[in-house]
Structure formats: structure tokens, C-alpha cells
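Across the two complexes that follow, subunit A remains constant while its partner is subunit B and subsequently subunit C.
Our next item is the complex of A and B:
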């Protein structure tokens, strides 16, 4: 209501964020896990005084710099750009609450980048001990950036005591902070191993290649052995109503009516299992036969797993952008009651721009854009046209009324925000939605 | 025209620090962004031009300077991006209602910046890792110049999009019409007579600062390669002084494109805004004279004095830019009216970390510049 809505045909705004975020996560997780990888492998080279391993680390560090400092950093900015375009109210709230936390993350990011360049450009120019020390410092600085940003990311799902106090530390050190930090670290190590495989499979010396390919595969161990435990810890901290939606979805999957959350969970589990089997039968058991092309395929698998798991995490937060504070559509929970009484369009700023207030269909369209388009499109992703199906205006009105925040029987309460508008607006929205139905041409 | 009905509200949350401090951080952050940005924009163009002009003469001072300049570009691109975080953060905090709206209106171009940036950035690395050769006789100067020029064009386009958004956020009277034209964010804003002179002012600043940077690279080889050093210092500072002289004319053109009441505030001579502005002109003139002296004598001392003065010129210009934005945004948003609840503990952590960062960076520079050949890899 506060800002104009950016209408992205087909995929919808949220997928613009999604696509960028998935790519960024796969790159930025490499930036952190890859730091540990470089430090450890260089330490091995140092202990063994093995120039062959040194040669590998040097070439891997160039790959590391090219991937993380260019695409990694640029897609990080892209996330910021995209969230502010799609969810300006949500972004504004996060920025206003955590400006200084972000500023703190920036300091560590500067240190991380400076160390990355110092590390890369000082090969053969400083002593081995000092060079190894730089690798360790790099890892420390990159973990610190994670430690800060993890607080803001987890805050969105479990803002905890912040909801009452608005105190930044309550927001950052929330219930899912620690499990999320651990699970991200494990995933980062796994991703570092995957990237390591890409460069290791290009080594000509067979003995070294076999050794390093197997070494890289072991970086996936933490996530597979400790990941499930930490995931359970994480899930035990997420809001109860969200878990109920997941379990309802799982229980009803036999009749084909399982929820989006359950689907995301299944997909994430299937893909994680694929990566596990891939890693075990591929680079771990058969390092000799694991080629560069297979490594790329493996990485694509890893990207798909990361994407699905992050999608699942985002879905857990529905219907909020900041759980219990602001809904996905930018409406604060505290505003809903007033909007249901006084109407949404009464005080709305941009919802009234270029809209004829006497046209109920136009008003209905604006209500759809401002209340539904944070998750739905007209006829693309989560098409509202398809979801409306054959319903007429009257049944849509009943559906919208069922989404009363006071209605405990509302089965969608864990996934959809309530309709924040008055009686007349409910009818306007229903009229617009009913008009999307294909016209019956048989008459 | 009353536009309050389309100016979004701030979030009902307090500011985390006193406004003056947030403004200082915004200005300081932009200053630290604009310095490397100048080298990226000016560096890609000048390196391309120098490769082209030097032709197939890898031993010529021009070719060698261009090569050295091109080698440094990726680090500058990286720091331009990193340093961009700070002004972007504080801009969103203080001017979010204007900035978010204008970004949404031109969302297509705005998000497109990222693609342009990645391509341009990889272009700089492509030059270093694919087109440069250990034996510079084997290099294709034309291909290098062409690649750098493509990167330059992309960086220039990025700058123009950002500049356009920074203008659009101050023109809410254009918003409704643009949204009607395309709610998909396929708009571009060109309808402001300040935009072109302002953009040219930025663009030529990047050439001038890159000139100085070439001179600075020269000062580092004064003992090892005095002839090359001399060429770089003289030519670099000459570029700075000539372009900066031109900048004075462009700057005045920009000044006279501003609304009269704001122009008068700059020239009144009785406000902080005008003191800063007048200082920037005085400092610019001093730096130009110092630059010509460095260009005549090849003196490291003059070059460094020019550099230090130029840093002050850029700082005062950045402060003036902030005053200009505040004045133009004042009818629409008033950050000074927001409530403030300082997060002193987090601010303390931030300040301590900032000090820690400076200490760390000093240590880092010392570590990598203090050679220890007896233990280095190449000798092991």
C-alpha cells in the first residue's frame, strides 16, 4: 500500500529474489567454506612440504577469487536490489532495525575481501608461514560475516523477544540462530568440497588427483552426519503453526493433496540423498574415475539441493516476511484489524494511484496486487486463475471471509495472510478474481 | 503540486543512531565508494585508449603504463562494490521512501546493473588472464583495448543508471505517469536538466583521478625505473590538471542547472553548505596548479601533494552533493522528524570493530609488502 508494486509477469517478483538468492548462496557459501578448504589444504602442503599440492592450491585460489569476488559479491548486491524492489516495506523494516548490524557485517566483508586479495597476490612473495596465516585469517573474517548475517536471516523466521522489546540483540540472537549457523557451516564445507572437485579433477598427475578428489569428497561428511541432527534442532525452534502445516501436508500426501511445504521437504530430502549417494559412489569410492565433467554435474546437483533447501526455508516463514510482525505482502500484523474495519484503500498510497475509485473491478485488481501478488501471479507461478478455477464471486467471498485472523479453523492460517480489507473490498476483490475465470463459450 | 499522497511512509521504527552520525556515515561511505569507482571508470577507458594509442610497441612507456593500470582494475572493481554497501545501506535508511519508489519504477534497468557489472568485471579479468602474456611482445594490444573498452561502456552504463535513479528519487512529480507507462519497471528517467552536466562532472572526475593514479603508480618505481616513473608522473598529473580545468566549466554548468533557491544556498557565502562548496572550488584550483607543477617537474612531492588535495576536493564535492540531495528531498521526506533510539551497545561494537579493521588492514599491508625472500615459495 505504501509503495508501487513491481509487476513481474510469469514468475512473479518473489522468484526474482529466489533465483538470485539461490545463485548467491551457492557462491557465498563457497566464499566461507572455501576459506577453510584453502587453509586446510595449504596446511597439508606445508606440513608435507609438497610443492605439487602447493601448485594445486595456487590454481584453486585463482578460481576461488574469480568466483567469489566477482559473481559472489555482485549477486550479494543483487539480493539487496531485488528484495527492495519486491518487498520494500519488509526491506525497510529490516534496514531500520539492523542498520548497524549490517554496517558491522560490511566491516568484516572488507576485511574478508582485502585478505582474499592479499592471499592471492602474495603467492611466492611472502613466507609460507605468513601465507598460511593469511588463509586462516580469511576463514575467520568470512565466518564473522556469516555470524552477523545469520542473525538477520534467522530473525525473519524467529524474531523471538524482539517482537516485544525491539532490541537488536533479541532479534539477532534468536531461537534458530545457533542451529542455523551450524547447518550453514556444514553446507559451506560441503559446497567447498564440490568446488574443490571441479579444480582437483583437472590435475594431470594421477596420484595427486586421486588423493585430492577423495580429500574433497570428505568435505561432505559433516553435513551428512551432523546435518540431520542440527536440522531437527532447527525445526524444533520454528513456529508451531508452521510445523503443523508441514505435518498436515505429509499426512495428506497419500491422497495427493500435500501442501507446498511438504513438497519442498520431499524434494530437499530426495536431492540431498542423491548428493550423498553421488559423493559416496563417485569421488569417495571411485576417485580415479571421477572426471571434470562429472564434477560439474555433481555441482549442478549441489546447486539444485541448495536451491530447494533454501526454498523450503523461505516457505517455513510463510505467511510472514518477519514472523509475527509483517506479512509477506508488507502489511504489519498490527494493522490488520484496523484495515478490516476502515478498509485497505482508504489510506493506501500507491494502491490508489492511476485507479478509478468508482470502478470496483479496478479496485479489486489493486487489492489483488497488494494483498496476493507477494506470492501469486495472475497466470504464471502459483496462478490465481488456476487456483480460482470455477469458483464464482460468491464462493470467493466465502473463501476470503474464512481467512479471518480470528478464525482458528482456517486451514490456511499457517501459509496465507488474512485478507486485510473491509466488507466492500472483499466483494471488489472477489469480483476481480471471478472475472479472471475463462468465459463460458458454449452458450 | 501536493505529492504527499504518493510519498511512502517510513517504517514505524526508530533510527538506530543520531541523525548527524548516520549522515556522516552516508557521506563517508559514499566517499570511500567514489574513490575506487573513479579508477574503475576512468581506468578502463584510459587503459583502452593507451593500448590503442601505443600500438604494437610493448616497450613504450604508454603501453607499459596501460598494462600496469589494467592489472590493478579488478581490485578496484571489487572495492567499489564493497564500499557501495555503506552508502546504499544509509541511503535506504534515510531516504528509503524516495529511493525504493524510484528503484521500483525503473526496476528493469536497476536489476540489470548486476548483469552488466558481472560481464564488465569478468572483462577486466579476461584481459589479465587471457590476453596478457608473460612475453608482452606476443600480446594483441587491439584485442586488449577492445575488451577494456567494452568493460568501460558497461561501467559507464551502470553509472548512468545509478545517476538516473538518484535523480528520479528526487522527482516524485514524474512517478505516477511513469508507473502508468510501465508497472513492470521498464522505465528510464532522462527528464532532468541537471542530469547530463552532473553525470559529465562525475565522468570527467574519473578521468582526472585515474590520471593521478597513473602518476602514483609511477612514484612507486622512481628508483627501479626512473625513466618510466618520470613519464607516468608527468603524463598522469597533466591529465589530471587539464581535465580538472575542464571540470570547473562543467561544474559551473551543473551549478546553473540547479533550481535557483538551491544555487543561491551554495553561493550565499553564509552557510556551511556554501563554505564547503567554496572550499571545494579553492581546493580544486590549488590541486590543478600543483598538478601542472608535477607535470612540469616530474616531482614525486608535487604529485603526492596534488593527490592529497584532490582527495580533499572529492570529499568536499561529496559533502556538497549530500547537501544538494538533502535540500531537494526536504519537501518530500524529513528524516530529522523520525524518532531516534540509539543502539549504543551495537554502535560501540561497530566503532571498536572499525578500529580493529584499520589495525588489521595496516598489519595486512605490512605483511604482504614485507618480503622475506629466504623463506618464500619461489626459493623453497
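Our next item is the complex of A and C:
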């Protein structure tokens, strides 16, 4: 509410973040897991004194450097751009609360990049032991970047003691920190194996290709044997009310008995399971027949799984951006009561720009943009026009009033933030929303 | 828990004495798949089979709750969607599965066509495939009415009205399918019976023949592959190499079906009211859209012939020429071969352009 609004028609702002973030995660997870992959395969090359494996790891490191430091870094910066445009209040809050953590993250990231370049440019120029040591250092630095960012990401769902103390370490070392750290590490190893398959399937020497393809498939083992255990640990630490919301859902969120949350969870579980089957029937059982094109399809499967799982994790936070502290529309939970009494538009610094304060419909549109557009679009993704249906202004007012935070009967409680505006603003928003209804042309 | 080699041999011997399956096992073990740049199209037959299995299983489950009766059909689908545990899931799998199956069967059909897989000795494989495609469209047409909602009712009405224009047999068939002159309980009962018993029996019988002939002839080889020297030709064994890759493709196809089901579960429109006017812009399912759009564009009268009848005749003749392709493009004439390819391209372009046009208009 303290910044100008960015309107993205069709898919909406959150999906701009979502699309960039999903691609970035798939690249950045490779940046961490791939470090361990490089170190281990280089060690194997030395141990077996196999020049062919040595040549492979050299060419794989070129692919690794290009993917992680160019595409990975570019999407990382793009995330910052998109989150500051779509959710400036949330972004500002994270920067202010975790200044020291961000500084640490930056230091480890610079060290990670430095060791990555040193590693790549020192092939055949330093001793084997020193080169292998660089790979290990790179892996350590990349894990440290994960260790910091994992704290901030998990904080958003489980802020824990930070809610009372506002001490940054309480926020970082929260309840889901450790299970999330482990599960991300396992996923990173799996993704490193998938990327490894892309380069391994290009090898012409059949014996080596078969050996390396099978080797890469084994990188998926940790996530599938230990992943379910750690996931249960993670789920035991998240606010249990969010899990109840997933499984009970609300009828109007989707067709059938389950809300979109439950459907996303099922999709995530099934896609994860099929990645295991793919790895088993593909590179593990039939390494000879596992081609480059299939490896690319496998990557697409992995990307879809990553995307769905991250989407699911994000939705667990509903209706907050920082659980129990700030709603997804950037309004702090503690502000809601005041805004319901004094009004939202008087406090929102940019809401009155280019708005005629005497036009209730224009004010209603601004209220929609500031309070609803974090999740809805007018007629695209989660179209408000479609959701409003045939409702008139009066029934929309009743609907908005039902979303009173004190109303325990509100079925949308775990899904939507309350409307933070006074009586007059409720009517303005309702007037605008009712005006979106298609006009009856038969009359 | 584990049986030794001797016991295993005894079990296999016992089975062999009763099943005489060793020739089939031999055939499977010796089956090989040509490896070339068009090999990817070989997978689409298998994907069609996967979606068919999904249709059979989900169809049986839906029959447990579906009631083919005018007063209850729509309500029973509503109950499946919101009152039965995972009912929405099974129904969405069935509906999305049907659409994906028809799409994949079309791809399989045209890939066989462009690879000239219909030529001697595979004429019967081709013809059984053509009939299987028609049966799949029949499944789509009859299944579409069963939810008894507004769109399905009027789309079926339009479809039957159009088919009644076919000379001599059209009106008889339309009346038989409707069970009279208007769509009602008789139509619903007939469509249900055809959908769950007549078409499945025909499909299973014909599919068995189709698959048996495919096994007898082996995989078809495109002409640029057959022209290669024997030493240059590459093959891979069906078991286990191709089979393992088939499994990977099935996993991907299954993922696509599951993702569509989860992200866009199938809804249902308002209950059909036979006395209400047809809603504006009513359209058939996407696989009939090209034909529908073409018929919309034909003038009411062409000379002495009624426009719709003329359109149907043109499409029937064109489809007949395509279906009979193995008998006029035998591979002996380059001109005929090129003509067959050109006709295929025209058909694909017609279907894509007219379907998109129909969807957007």
C-alpha cells in the first residue's frame, strides 16, 4: 500500500514472479547439486585414472558454468525485479528484517562465483589435488548460499519466534529451516543428476556413456529414499491449520471435493513419483537406449515437478506473504483493524494518483488493485469477473463483510485476506466489482 | 520367498504345457524396431493404447454412479463431481483422457499415412485403423450427450440433424439413434448403450485384429530407410530396449493427463432443457469442429443440391479417397505417391485451419 501498483493483465503479477522463480530454482539448484557432482566425478576420474571421465567432467564443467552463472544469475536478478514490482511491501519487509542475512548471502554468492570461475579456468593449470579442492570449496560456498536463503524462504511460512522478538536469527532459524534445508539438498542432487544426463548422453564412447548415464541416475536416489521422511518432518512443522485448509478446501475454489491446494499437492506428489519411475525405467534399466532427446524430456519432467512443488509450497502460506504477519496484498495483519475503521485510501500513498476521489467506481477500482490483485486479475488468471458471476452490488457487500477477520464462520478464512477498508470503501469496491458483470444485452 | 532355478523351470514347464505360449514369447523376443529419424511416430500407437486403458477403467468406475435416465443423468454427474470421493477426479480423467486419446489417434493415423505405412502388405492394418478412428469419434459423439447438459444436448441435436442429410441412409440412422424425431429418453438410452457396450465390443474386436496384423508384419519401415544398405540399417530389440522407452513415453503421457485433470477439472453446464432455445454460438467438440465450420460456410443451395448435403458429399468422397489410399498409392507410381502426400497435407491443413476458425468464430 506504500508503493505504486504494477498491473499485469492475463496471468497477473504473481505468475510473473512464479514463472521466473521456477526457472531460477531449476537452475540454482543445479548450481549447488552440480558442485557435488563435479567434485565426485572428478575424484572418480582420478581414482580410476580414467582419461575419458576426466575429459567428460571438463566438458560438463563448461556446460555447468554457462548454465549457472549466465542463466542462473540472470533469472536471479529477474526475481528481484519482479518481486519488487509485484510485492513491494513484502520485499521491503524482507530486506529490512534480514539486512545482515542478505549481506551474508551476497558474500557467499560472490565467493561461489569466484571459486566457480577459478575451477573452470584452472583445468590442466594446477595440480589435480588443488583442482579437486576448488570443486569442494565451490560446493561448500554454494551450500552456504542455500543455508542463508533457505532461512529467509522458510521464514515466510514459519516466522516462529521472530513474530515476537523481530530478531533476524529467530526468523532465519525457524521451525522448518532444517527439514527444508535437507529436502532442498536432496532435490539439488537429483537435479544435478538430470543435468548430468544431458551431457552424458552426448558421449560417443558407448561404454563410457552407459557407465555415466547409470551413474547420473543414482543421483536421484537420496530424494526418493530420504525425501518422503524429510517431507513428513517438514509437514509436521508447518502451521497445522494450513494443512487442514489443503485437505478440507472450499467448494468454490475448484470443481469437486478438493480445492486447488489439494489438487496442486496431488499433482506434486504424482509428478515426483513419476520422476522416480522415469529414472528407473530410463537411465537406470536402459542406459544404452537413453538418448539426449529423452534426457531433455526428463529435464522437462523435472522442471514441471519443481514448478508444481514450489507452487504448492507457496500456496501453503495463503493468505499471507509472511505467515501471521503480512497478507499477500502487502497489508500487515496488525494494520487491518485500523484500516477498517479509518479507511484504506487515506493511508495508501499512491492510491489517489490519477484517481478522482469523488468517483466511487474509480476508488473501488483502486481498492481492487491494491487489495485483490495480488491473487486475482480482472478477466485472466483467477478472473474476478468470473468469480463475481451474477452477484449484484448488494450481495458483493455482504460477501466482503462476511470476510471480517473476527468472523469464525468465514469459509474463506485460510484462503483470502480480510477486506481492509471502511464501510464506504466496502461499497466502493462492491460497486466496481458489480460493474464488471457483463451487461444484459437482451433488455 | 524366492524360488530356485529348478522350481522356476518347473513352473514355466507347467504353464507351457497348458498355454503353449512359447511361439508368442519367441515372436516377442525376436520383434525388432527400425531406428531412423521418424522413429518417434512409432510411440503414438502405444500412447493410444494407454489412453484406451484409462478410458476403460474410468468408464467402468463412472458407470457405478451414472444413471442414464432423463431426470437423473445430470444430477448423477453433479453427484459424481461433488458428492462422491474422488468422483471429480475419475470423471476428469475420463473426459480429458477421451480428448487426448482422440488427438493421439489422429496423430497415429496421419503419421502412418505420411510414412506410407498403408502400402502392401499392410492394407488391412490401415483399413482396421481407419475404422478404429471412426469408432473413437463415435465414442466421443455418444459420450458427449451423457452428462445431459445444455451444450451437449444442443451439440448432439445439431450433429444428428446434419447426419440426417446424408442421402438414403442418413435419416434412417438419425431416427434410429434418436429413437424418434426428437432427442429424449430414447436417445439417452441408445447413446448410453452404444457408448458402454456396442462400441467397446466393436473396438476390442477390431483392435485385436489390428494389433495381430501389426505383430505379423512387424514395424513398417519408411522408404528412405528401406532404400539403405542392409549394413547401414539399424534396429533395436522391442524387448527390452524399445519397451523401456515406451514406458517412459507412457509416463510422460500419463503426466500430461494427470496435470490437465488436476489443473482444469472437468465441469458441467446447466441441465439440458429440450424446450429452451439453443444457446448462441453452440459448437460441437473440437474433433468435429472442422467439419461443422465447413458446413457453415457452404451456401444454402448449390445448383439443385441442398448446401449441407453438398458439403457432406464432398467430405465423404474426400474421406473415402483417403481411406482407400492403399489401393491407389501402391508405391509403384511416384506421381500417385506425391498425390497421396499432397492430399494428406491438404487434409491436415483443412482440419487445423477450419478447427481454429470454428473455435474463434
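Just so we're on the same page, the second predicted complex is superposed on the first by the 435 of 443 C-alpha atoms of A that agree within 3 Å, B and C clash if a C-alpha of one lies under 4 Å from a C-alpha of the other, contacts with A are read in each partner's own complex, and residues count from 1 in each chain.
What we mean here is this: a contact is a pair of C-beta atoms (placed from the backbone, for glycine too) under 8 Å apart; a residue touches a chain by one contact, two chains touch by 3 or more.
Every value quoted in this text rests on a predicted model; they were computed, and no experiment measured them.
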item: Clash or fit (per the criteria above) of subunit B with subunit C on subunit A; value: fit
item: Which of subunit B and subunit C A:289 touches, first, second, both or neither; value: second
item: Partner chain(s) touched by A:387 [first = subunit B, second = subunit C, both, neither]; value: neither
item: Chain touching more of subunit A, residue-wise (subunit B, subunit C); value: B
item: First (subunit B), second (subunit C), both or neither touched by A:241; value: neither
item: Partner chain in contact with A:232 - subunit B first, subunit C second, else both or neither; value: neither
item: Subunit B versus subunit C as contact partner of A:117, first or second or both or neither; value: first
item: First, second, both or neither for A:264, with subunit B first and subunit C second; value: second
item: Superposed arrangement, angle subtended at the Cα centre of subunit A by subunit B and subunit C, nearest 10 degrees; value: 120
item: Shortest CA-CA distance between subunit B and subunit C [superposed frame, angstrom]; value: 27
item: Subunit A residues within the subunit B interface of the complex; value: 2-9, 16, 20, 49, 51, 54, 62, 66, 69-71, 73-75, 77-78, 80-82, 84-85, 88-89, 91-93, 95-97, 99-104, 106-111, 113-115, 117-118, 121-131, 133-134, 137, 166, 168-169, 332, 349-350, 352-354
item: In the complex, subunit B residues that touch subunit A; value: 5-17, 22, 25, 74-75, 77-79, 81-86, 88-90, 92-93, 96-97, 100-101, 103-105, 107, 110-111, 113-114, 117-118, 121-122, 125, 129, 175-176, 179-180, 183-185, 343, 345-347, 349-350, 353-354, 357, 360-361, 364-365, 367-368, 370-372, 375-378, 380
item: Complex contacts: residues of subunit A adjacent to subunit C; value: 251, 254-258, 263-264, 266-267, 270-271, 274, 277-278, 281-282, 285-286, 288-289, 294, 297, 301, 304
item: Touching residues (chain side subunit C, partner subunit A) in the complex; value: 81-82, 85-89, 92, 236, 240-242, 244-245, 247-248, 251-252, 254-255, 258-259, 262-263, 265-267
